[in-house]
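Two complexes follow with chain A in common, the first pairing it with chain B and the second with chain C.
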Partner chain A sequence: MGDAAIISTVFLETIGYWWVIIPTIFLGLIVGGIPGFSAANTIIILMPLTLAMDLQMGLVFMVSLYCAARMGAGIPAILVNIPGTAGAAATPLDGYPMTKQGRGQQALAISFVASSLGGLLTTIIAIAAMPLLARVGFYMHSVEMIVVMLFGISLIASIAAQDMLKGLIAGFFGLMLGAIGTDVVYATPRGTMGFLELYDGVPLIPALVGLFAVSEAFIIIEKRVILTKKGQEAMENPSWAATFEGVRDALTRWTHICWTSVIGLIIGVIPGAGASIASFVAYQQSRTFSKTPEKYGTGHIEGLVAPESANNGVTSGTLVPLLVLGIPGGATAAIMLVVMQYHGVSFGPSLFQQDPKVGYGMFIAMAVSYFLMILTIIPLSRYMSRVTTVPTIYLAPMIISFTLVGAFVPREYMFDMYLALAFGVVGYIARRTGYHVAAILIGVILGPLLETYFLRALKKSEGDIMVLFSSTLGNILWVALVVSLVLPIVFERRRKKKEIVIQ
Partner chain B sequence: MTKLKMNRRTLLGTGLAASAMSLATPGILRAAAYPERNLSVYIPTREGGGADRNFRAFSSIWKDKLGAEFEPGFYPGASGRVGYEIYMGKAEPDAYNLIFGNMGPEVLNWAVQAPTFDINDYFYFGRVDTDPGCAFVGAESAFQSIDQIVEEGKKRTLTVGTSRMAHPASIGILALGEATGAKFNLIPLSGGKNTVAGAVTGEVDFSVLTSGSVISAGDSVRTMLVFGENKVGDALDNAQNINDAFDMDLPEMLSSRAFGIHKAAADNHPDRFEKLVSTFNATFEDPALLESYVAARGTPEYLNRGGVEECGQFVKDMLELGERYKPLLTGA
Partner chain C sequence: MADDPNRAPKHLGADLVIPVLAVIFTLYYFSTIWNSPWTAQVSAFAIGGVLLFICALYFIKVAGQFKRGEGRFTFTSLINFEDIRTGRVALLVTTIGFCWFIDELGFTLTTFLFLWTSMAILGAFKRLGLVTIVSAVLALGGWAVFILAFDTRFPRGWFEETMKVVMANG
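What follows is the complex of A and B.
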C-alpha cells in the first residue's frame, strides 16, 4: 500500500473516532485552562484508561487531548490574565488588554482560529516534510539555541522601550531569579536560600500565575469589574457578530498565522525546545516586522495571533523527532512514547516501514482534531467571554484560589502556593511602580534555558568563548538577531523623519 | 462444671482488660491489615523515562501481592537529589512511603556531594534490576567501532554526552580514557532522553548511558561498548564488554533500580516491612512479571532480585567508586 493510500485509509478511520475526539477536545480545554494541569499529567492520570483502549483509539485520544490542552491554555490567559501553561505566557500580552477593552469575545475567536489554523497548517507541513524537518535537530545544537534564546530574551528590550531603565531592571531581575537552582553541570545549588523546593529552579507555574494572575487580582479588586468603561458598554449587548468579527480579524491575517506557526513548528522539532520559547520568539519576530510595533501590548491582534499560532505549531513539531528519530520533543511526547511502547510500537527510523499507520495516524489525528476544534470551540467564545462581566469582588478571590490550587498541582508542594503569593506581591509592586511583569517573566522562563545551552557550549569547547561563533548556521542566526534588533530602530527613525516631513 | 464466681474486683479487672483490648484492637488490626491504603512511591526522575517504565512494569504485579496500589510521584532535579531530599525530609517514615531510585548514579551522587540527610537513615531493600552502562553513537555517526572512537580520541578530545556527571557510565568512559590515552570530555545533557538525542543529532560525538534506555531507543542508535556483560547480544549490537575489548579489569558499571525505605519505618514497623519484603520476593516468583516487562518494552534479561544485603553491598561499592573518581566528576 502506498503512502497516499495509507494516509487516506487512516484519515477515514480517524474520522470514525469523532465520538472520542469531541469529548476529548472539551476535556483538553478544561485541563489546559486550569493552571498546573496539562496534557502530560492528564495522560498520566488516565493512563490505565489509555492502555485499555486499542492502539488507534488511544493514539487519537492522546493527540486530541494534547492539541486541545494547548489551545485551552490561552482561554484564561486572555480572559483573566492567567496563562494555563508556560507556552501561553505570551498570550495575555495582547489578549488581556483586548478583554479589558470589552473585546474578549473577539480575542477568544482570534485565538481559536489562529490556534486551529496554525496547528492544522503545521500538521500538514509536518506530514509532507517530515524527513526534512527531522534534520533540523541535527543542525540546531547548543550554540544555535543560544541565539534562538536571545531572540526571545531580546523581547525584554522591546518591552523596555517605553521606559528603558525600568524595563531592563525588570528583565535582569527575572534573569537573576532564573539562575536560582542547581547548576546544570555539577548540580551545585545556587541561591536556593536553603529551600529544597528551589533546587530544580524557580518553578514556572507559580511564577507565571503569581506574576500575571495574582498581581492582577490585587489590581482588579480596586475596580468593580475588569472591563474599562468602554469595555462595559461593548459587553452590554453580546452578539454573535463579535465572534464573527474575531474570526474575520484572524482570517484576514492568514499570512501572519502561517509564518508564526512555522516558527513554532521549527522550534518544536528541536528536542528540548518548547512552546514557551516558540511563543516569545514568534511574538518578538511579529513585533519586529510590524509596521505598528508601538501597538503591541495594547490589545493588538497580531500580538495575539503570533504566540497562539506558534504554540500550536510546536504541538505538531514535537511529534516529528518522536516519530522519525525516536526522541520525544517534549514532556507530552515522552508520555505518549511510554503508552505507545506498551502497545508494542517502536519509534525511530524504522517506524514508517514497520508501522506506517501509527506514524501517519498521529498526524492525521492531529489534523482531524484541529478541524473539529474549529467547528466546536469557536461558538463557545460568546459564552466564555461573559466571565469578564463578573464583579471583581467575586472574580478576584476566585482567581486567587484557582491559581493557588494551580500552583500546587504540578509538584504538590505547599511551598509553591506561598511562592505564587510572593510572586503576586512582587508583580503588584512592579505594576504599581511601572515595571513590566512580562519582562520579569521572560527572564524567569528563558534565563535557565539560555544558561543551560550556554554552559553546555562552553563545556564542549572546554571554556573557549569563541565557540559561540564556531558554526555557520549559528553565525547566520547571529546576523539575523542583530538585524532584528536594529531594524525596529531604523523603521522608527524613518517613521519619525516622515512625520517631520509631513508636518 | 466449675461455677464462674464474679465479684466486684473480678468485674472491674475484666472490664479494664476488655477496655484495653478494645482500645488496642484498631492498632492490632491496622498492623494486621497493612496496607490499608495506597503506597506513595517517590521517583527522583521525570515521568516517561526508564525509571517510570521500570516502576510501572514491576508495580503492576507487586500491587496484587501486596493488596494496594502504588502511587508514583516524580521529583526530578539536581541529578536526583531533589527526590531523595523530599523523601527524607517530608515523607512520613511509616512504610506507606517508599522511594524507587537508581542505586548507581544516585548513590554516586552522595560521594560527589553529600546530601543534607544522613545516608544511613534510608536503605534499599528490593533490587529490581542491574543494567550495565554502555557507549553508543547515533545511527548516522561516522564511527563504526569503539576502536575508531579510541583512535580519534587520541587525536582530539571527543565530546561525550551523559545524563549526569556522577553516573557509572561516565566513570566507565573515563576509565577507558585512562587506560587507552584517549581524551573524553563529558557533557551532562540532563536525563536519558536528552543523552540519546545528543548522540543522534550530533550535539556530541557519542554518549554513554544505562543500556536499558539505549535498547529502548531502538535503531536510532548503535551501541559500541558495554561497561559490563552484554546479556542481550543483538539488542546492544553485540557490543563487547570493556574488559574483553581493552584487556581491563573494571568492575561492572551498573545502574540498579531498587525500592528503598526509611530506616525508621523498618525499625518501628517490622511487620509492615516484612510484608513489603515478602510480597516483593513473591513478585519475582510470578511469571507475569516477565510478561509485564516484555509488554513495557523493558529488558527482562536485566531483572535481578536483590535484598537488603545485596543492595547494601552495591551502595558501598558505589560510594567507594565515587570517592575514587570524585575529582573528575566534580571538575575539582
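What follows is the complex of A and C.
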C-alpha cells in the first residue's frame, strides 16, 4: 500500500473516533487551563485507561488531549492574565489587554483560530517534510541552541520598550533566579538558601502561578470587575458577531499564522526546547517584522496570533524526533513513548517501514483533533468570556486557591505552595512598580537552559569562548539575531522620518 | 519634569525595591559559589555581573531624578491605606493561612474556609449566604473533580478521609 493510501485509510479510521476526540478536547481544555495540570500529568493519571484502550484509540486520546491542553492554556491567559502553562506565558501580553477592553470574546476566537490553524498547518507540513525536519535535531548543537535562547531573551528588550533598564533588570533577575540549584557538573548547591527543595532548580509551575496568578489576584481586587468601563459596556450584550469578528480578524492574518506556527514547528523539533521558547521567539519575531511594533502589548491582534500559533505548532514538532529518532521532544511525548512501547511499537527510522499506520496515525489524529476543535471550541468563546464579568471579590480568592494548590501538584511539596506565594509577592511588587512579570518568567525559564548549553559549548572547546562563533549554522543564527534586534530600530527611524515628511 | 506642577512625583523608593532585591540576591548567590569549581561559576558570574551593572545604572538614574526633584523617596505606590481598605492585606493573611492549614485540614475544608473568609472580607461581610454557597460549591466541586474523579494527590485531611470511608462502604 502506498503512503497516500495509508494516510487516507488512517484518516477515515481516525474520524471514526470522533466520540473519543470531542470529550477529550473538553478534558484537555480544562487541564490545560489550570496551572499545574498539564496534558502530561493527565495522561499519567489516566494511564491505566490509556493502556486498556486499543493502540489506535489510545493514540487518538493522547494526541487530542495534548493538542487541546495546549490550546486550553491560552484561555485563562487571555481572560484573567494567568497562563495555564509556561507555553502560554506570552499569550496575555496582548490577549489580556484585549479582554480589559471588552474584546475577550474576540481574543478567544482569535486564539482558537490561530491555534487550530497553526496546529493543523504544521501537522500537514510535518507529514510532508518529516525526513527533512528530523535532521534539524542533528544540526542543533549547544552553540546553535544558545542563539535560539538569546532569541527568547531578546524579547526582554521588546517588553522593556517603555523603560529599557526596568525590563532588563526584571529579565536578568529572572535569569539569576533561574540559576538557583545545583550546578550540572559537580552538583554544587547555588543560591538555594538552604532549601533542599531548590536543589533541582526553581520549579516552573510555582514560579508561573506566583508571578502571574497570585500577583494578578492581589491587583484585580482594586476594581469590582477586571474590565474597564468601556469593556463592561461591550460585555453587557455579548453577541455572535463578536465571535465572528474574532474569527475574521484571525483569518485575515493567515500569513502571520503560517510563519509563526512554522517557528513553533521548527523549535518543537529540537528536543528540550518546547512551547515556552517557541511562543516567546514567535512573539519577538512578530514584533520585529511588524509595521506597528508600538502597538504590541496594548491588545494588538498579531501579538496574540503569534504565540498562540507557535505554541500549537510545537505540538506536531515534538512528535517528529519521537517518531523518526525515538527521542521524545518533551514530557508529553516521553509519556506517549512509554504507552506506545507498552503496545509493542518500536520507534526510530524503521517505524514508517514496519508500522506506517502508527507513524502517520499520530499526525492524522492531531490534524483531525485540530479540525474538530475549530468546530467545537469557537462557539464557546461567547460563553467563556463571561468569566470576566464575575466580581473580583469572588474571582480573586478562586484564582488564589485553585492555582496555589496547582503549584503543589507536580512535585507534591508543600514548599512549592510557599514558593508560589513568594513569587506572588515579587510579582505584585513588580507589577505595582512597572517591572514586567513576563520578563522575570522568561529569565526563570531560560536561565537553566542557557547555562546548560553554555557549559556544554565551553567544555567541548576547553574553555574557548570563540566556540560560540564556530559553526556555520550558528553564525547564520547570530546574524539573524542581530538583524532582528537592529531591524525594529531601522523601521522605527523610517517611521519617524515618514511622519516628519507628512507633517 | 520637576517644573511641571501637574505631573505627580514618582515614588522612587518603591521603584528601587526590585533592583535592591536583585542586588542582594545576586551578592548572596555569588557568596555561595565563591569557592566552587569554574563550571558552577562561569554562567552565574556572567549573568550576575550584567545584572549588577544594569542595577548600578538604574541607581544612578534614580539618584539623578531624586536630585532634580522629579520624585520622592516614598513607597506609597507599593503600600498605602488603600491596601487595608480594599482588603488586600487581609487577603494576604488568609492566603498565608491557606498554605499553612492545607497540610493539616486537607484541600476541601481549607479551600472552603479560605474562600469563605476571603470573599466575606473582600465583600465587607455582605451577602454572606451567597458567599457560603459559592465557597461550598467551589470546594466540593474541586474535591469531586480533582480528588474523586482524577485521584489527584491534593493534600488530604479529615473531610477527604471521611468521604473515602463513606464511598468505600457504599
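Rule of thumb we're sticking to: the second predicted complex is superposed on the first by the 503 of 503 C-alpha atoms of A that agree within 3 Å, B and C clash if a C-alpha of one lies under 4 Å from a C-alpha of the other, contacts with A are read in each partner's own complex, and residues count from 1 in each chain.
Here is the rule we use: a contact is a pair of C-beta atoms (placed from the backbone, for glycine too) under 8 Å apart; a residue touches a chain by one contact, two chains touch by 3 or more.
Computed from a predicted model, the values in this text were never measured in an experiment.
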{"item": "Chain B versus chain C as contact partner of A:Gly191, first or second or both or neither", "value": "second"}
{"item": "Partner chain in contact with A:Phe402 - chain B first, chain C second, else both or neither", "value": "second"}
{"item": "More chain A residues in contact [chain B versus chain C]", "value": "C"}
{"item": "Partner chain in contact with A:Lys460 - chain B first, chain C second, else both or neither", "value": "first"}
{"item": "Which superposed partner A:Pro321 touches (first chain B, second chain C, both, neither)", "value": "first"}
{"item": "Which of chain B and chain C A:Tyr418 touches, first, second, both or neither", "value": "second"}
{"item": "Partner chain(s) touched by A:Ile169 [first = chain B, second = chain C, both, neither]", "value": "second"}
{"item": "Which superposed partner A:Gln341 touches (first chain B, second chain C, both, neither)", "value": "first"}
{"item": "Partner chain(s) touched by A:Thr433 [first = chain B, second = chain C, both, neither]", "value": "second"}
{"item": "First (chain B), second (chain C), both or neither touched by A:Glu451", "value": "second"}
{"item": "Chain A residues contacted in one complex by chain B, in the other by chain C", "value": "184-186, 188-189, 412, 459"}
{"item": "Complex contacts: residues of chain A adjacent to chain B", "value": "40, 44, 137-138, 141-142, 181-182, 184-189, 196, 199-201, 271-272, 321, 325-328, 331, 334-335, 337-338, 341-342, 344, 346-350, 411-412, 452, 456, 459-460, 462"}
{"item": "Chain C residues touching chain A - in the complex, by the definition given at the top", "value": "11, 14-15, 17-19, 21-22, 25-26, 28-29, 32-33, 36-37, 39-40, 42-44, 47-48, 50-51, 54-55, 57-58, 61, 77-78, 82, 86-88, 91-92, 94-96, 98-99, 102-103, 107, 111, 114-115, 118-119, 122-123, 134, 138, 142, 150-155"}
{"item": "Chain C partner contacts - residues on chain A that touch it in the complex", "value": "37, 42, 45, 165-166, 168-170, 172-173, 175-177, 179-180, 183-186, 188-193, 214, 217-218, 221-222, 392-394, 396-398, 400-402, 404-405, 408-409, 412, 414, 417-418, 421, 424, 426, 429-430, 432-435, 447, 450-451, 454-455, 458-459"}
{"item": "For the chain B and chain A complex, residues of the former touching the latter", "value": "46-49, 52-53, 56, 73, 75-79, 81-82, 85-86, 89, 109, 112-113, 116, 139, 157, 159, 164-166, 185, 187-190, 193-194, 196-197, 200-204, 216-220, 295-297, 330-331"}
